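Below is one structure; the comments refer to it alone.
Letters A, B, C and D mark the chains in the order given here, with residues in each chain numbered from 1 onward.
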């Protein structure tokens, strides 16, 4: 019986490219953002806080990225009641705030991105720009 | 391309003057208060807990000040659902409680103040007395 | 340019087998142990606290496993001064205590194991029994 | 009496350029690194964890950057005894580990950089490459 399974992980170079693409999109829509890229277990690969972004949104952006990696799906779909309870139980790990997306290639998760400081729609918009630049699966 | 941007930061002397004015106002309305003055990144410059104030309100006053600095605006305007979710994700950093105000001069942020232990109205009242004493922009 | 790199991750079934082998060895040497199996980013896959083991050793066992995964090597080799400083800076993440080993197959890391509650020698002894049961590389 | 003092802050674009230069240097010396750029109050502007770097070094790199910003000087000069005590008292904020440098322009601090995962010398080497790319003061 195999003792391990094959996995993939976003490279640091790709994470930097993702940040750049996200920053470019955030500038285009004139919404300074905080952006986190994490691996499949939620450890940070890269992050950026744009000039004028809310600095405390670094925390929400990170939680969104970690939640998207954990659930292997977009954040924002769980109910507020569940999200708050899970957020408390995980000491800020889980969030139901929108703006987190898994980064997948051919259906296999390689990491996740979380964006915060704008509205939920703006956050997703910027996150999707990063996915597109990476050639990752649409979510 | 410039590698840095010009910013301003409230002086420690000004922070003490702000505390004095806030304390004076709190005495006038007979509501002992907890007051935090933070810089634009949320680090504490000065704080005071008045006799008779709730000591745990030091935490809410600090969170209000840090949130006001982060959003560059008054606290109390975000929805409870968002405030709770962002508060959990930021491990107590963000709060939607009223009583936090940015300290701005000619529209440029130099820090923020947070007041807690009274009602939201009393907290704002005391925070505004500090802004007035500093000659800071009304918020 | 490839956007991701190929990685491997220990399966949960393998982690349970590792725990069983470690427990069997701990019983044989009559030293109840705390054992953690983590993935390559330090997230827990499985854990066990044997009857009679020091319950706070769950924390050291976890730190040993996380450190072994982080450095991709056995714990216990860094100086105490560095280990303490890194442990403080990582809020208990890094430890220089012996008893942590990476779990590798053909040189590729798939996770790590950390054992605590015995002496350093006993901890390593139990960790190695787990590696052997998995058919993992000797460390 | 002026109520605020003039300060400067590294831009996010400059922080990304600093990361890129640091990564390039780390690749040249073949030492994968964790790199943090923080503002003058220690809040993160940008970070990167290179492929193969120790993920727990993200914590030490951050502490180095925050300490360098706090002391407005290079880390690594305080005694181990003081560094450990201050690190404990600041819950991981202060560190005496080498690898943190202030980012200054004409003597004025604009932020700081912290590098971890290599030796102290390698960490400083990579940090200095970032300063040079920014045209910041040598430290």
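The criterion applied here is as follows: a contact is a pair of C-beta atoms (placed from the backbone, for glycine too) under 8 Å apart; a residue touches a chain by one contact, two chains touch by 3 or more.
These figures come from a predicted structure and were not determined experimentally.
Checking A-D, A-C or A-B against C-D, more than half of the residue-numbered contact pairs recur only at A-B. Averaged Cα coordinates give chain A a centre that lies 24 Å from the centre of chain D. Averaged Cα coordinates give chain B a centre that lies 29 Å from the centre of chain D. Each chain gets a centre from the mean of its Cα atoms; for chain B and chain C, those two points are 45 Å apart. Residue positions of chain B with contacts to 2 or more other chains are 5, 41-42.
Pairwise chain contacts in this structure: A-B, A-C, A-D, B-D, C-D. Looking at the complex, you find that chain B touches chain D at residues 1-11, 13-14, 39-43, 105, 110-111, 134-136. Across the interface of their complex, chain A is touched by residues 5, 41-42, 66-67, 69-72, 81-82, 84-86, 88-91, 93-94 of chain B.
Chain D makes touch with chain A in their complex at residues 11-13, 15-16, 19-20, 23, 43-51, 55, 58.
The residues of chain A lying in touch with chain B in their complex are 51, 54-57, 59-60, 62-64, 80, 83-84, 87-88, 91-92, 95-97.
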